[in-house]
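Structures given as structure tokens follow.
Common to both upcoming complexes is chain A, partnered first by chain B, then by chain C.
Let's look at the complex of A and B:
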């Protein structure tokens, strides 16, 4: 419940700022009307950017993969000796 | 394979950056440019700058609701 309250208060603050900007007319009025949509689009863009960058820098650890395969083979041998059915090879 | 992952990641970053720059240009810089400049030929009329994100958001929300409804119906059919 507390997280929802935090988000709601953040939304209220942002909308208060936006209405204040509208009234004060520091930026031209046509720009101020478009600001919320612009921020939503840029937020979506930022999320997509983070996903893309994370995908590009994802480490694959080839040595660990090899060690893991060796561990799996070792475990399968051990279990087969003990008589447990390890399934398809 | 990591090359396919890298390609997809690069595509995503490129798409997001291009969308961001195009939209920033459209909304913020273009109103300050004279209306008979050649650059206006490359951008759609300003009304679309609001229409397209709103339409995309509505489509996304409806797809989300359809998906949730689908999952709920499927789970209800299984228990009933």
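Let's look at the complex of A and C:
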């Protein structure tokens, strides 16, 4: 099944639950009508939270740049010796 | 699978990588001393003499270890992989960038992970502990993170790093997945891994570090963002 169809069927299930709640009147109707809005807002907040947390915990590796420079120097030395042209960039 | 009988074909597409190709070949040989591998350089007619350098490297390391399979002009990444695949004699294929943003020192960890788990695909991820990025400013990180969260929410891809292009594939798996992919650029990388995920191939991840050496030339303008969103929608609909 194509992914968009999976998402749509999930949406259909959630909508069916919502309509069921509306009809069954377990929760006062005024609240039930607002549930979709709560859902979308929560989803949005969750997304923003994930972005924020991910940004804070974004793994960085400054030492890798240094190690890379060392590797480049080592490679250039070896290759120059063996006659490979490593002159230009 | 008998580990001793594995051969790894490393496909490196190049365009104007005269210096980097030499460095990367040296580093691959340095980090894979006891592994049976070949490097397939798919050069798209570089005007800077990349192919001459590759020929010098062939003299040094052997034409059976370094294969030069060029094309006449820039024809895109997907077709570069397919071209390289045709000449690959290994049972495993590694794809990696030629500009040293992917460091060959991670190749052993890819191989080890595959042997341990029997995975069909091992993909490098920059976004987990042990991995990382250097050379990205805050805006770049924000866009990357935002794009990733969006893709995870919409696509449920099963991997943490969708746009990465440092990967090890079983050759048969790569052939299967690549034949059904039509996108270009980094969306192509996303399409490959999402299609593989949908086909239920066993995918493992290893942390890698990514050093962006092209400071300042951030490829993230408005049009890139639009392309990305279009790519996401396309993948939602077709996978």
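In this text, the second predicted complex is superposed on the first by the 69 of 89 C-alpha atoms of A that agree within 3 Å, B and C clash if a C-alpha of one lies under 4 Å from a C-alpha of the other, contacts with A are read in each partner's own complex, and residues count from 1 in each chain.
The rule is short, and it goes like this: a residue touches a chain if its C-beta (ideal position, glycine included) is under 8 Å from a C-beta of that chain, and two chains touch if they have at least 3 such contacts.
Note that the structure is a prediction, hence the values are computed from the model and not measured.
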{"item": "Residue contacts with chain A in the superposition, chain B compared against chain C", "value": "C"}
{"item": "Contacts of A:60 with chain B and chain C, given as first, second, both or neither", "value": "both"}
{"item": "Which of chain B and chain C A:72 touches, first, second, both or neither", "value": "second"}
{"item": "Contacts of A:85 with chain B and chain C, given as first, second, both or neither", "value": "second"}
{"item": "First, second, both or neither for A:24, with chain B first and chain C second", "value": "neither"}
{"item": "Partner chain(s) touched by A:45 [first = chain B, second = chain C, both, neither]", "value": "first"}
{"item": "Intersection of chain A interface sets (partners chain B, chain C)", "value": "51, 54-55, 58, 60"}
{"item": "Complex contact set, residues of chain B against chain A", "value": "2, 5-6, 8-17, 19-20, 23-24, 27-28, 31, 49-50, 53-54, 57"}
{"item": "Residues of chain C touching chain A in the complex", "value": "18-19, 22-23, 26-27, 48, 52-53, 56-57, 59-60, 100, 103, 105, 126-136, 141-142, 145-146, 148-150, 153-156, 198, 209, 211, 213, 235-239"}
{"item": "List of chain A residues in touch with chain B within their complex", "value": "28, 30-31, 34, 37-38, 40-42, 45-46, 48-49, 51-58, 60"}
{"item": "In the complex, chain A residues that touch chain C", "value": "2-4, 7, 47, 50-51, 54-55, 58-62, 64-65, 68, 71-72, 74-76, 78-79, 82-86, 88-89"}
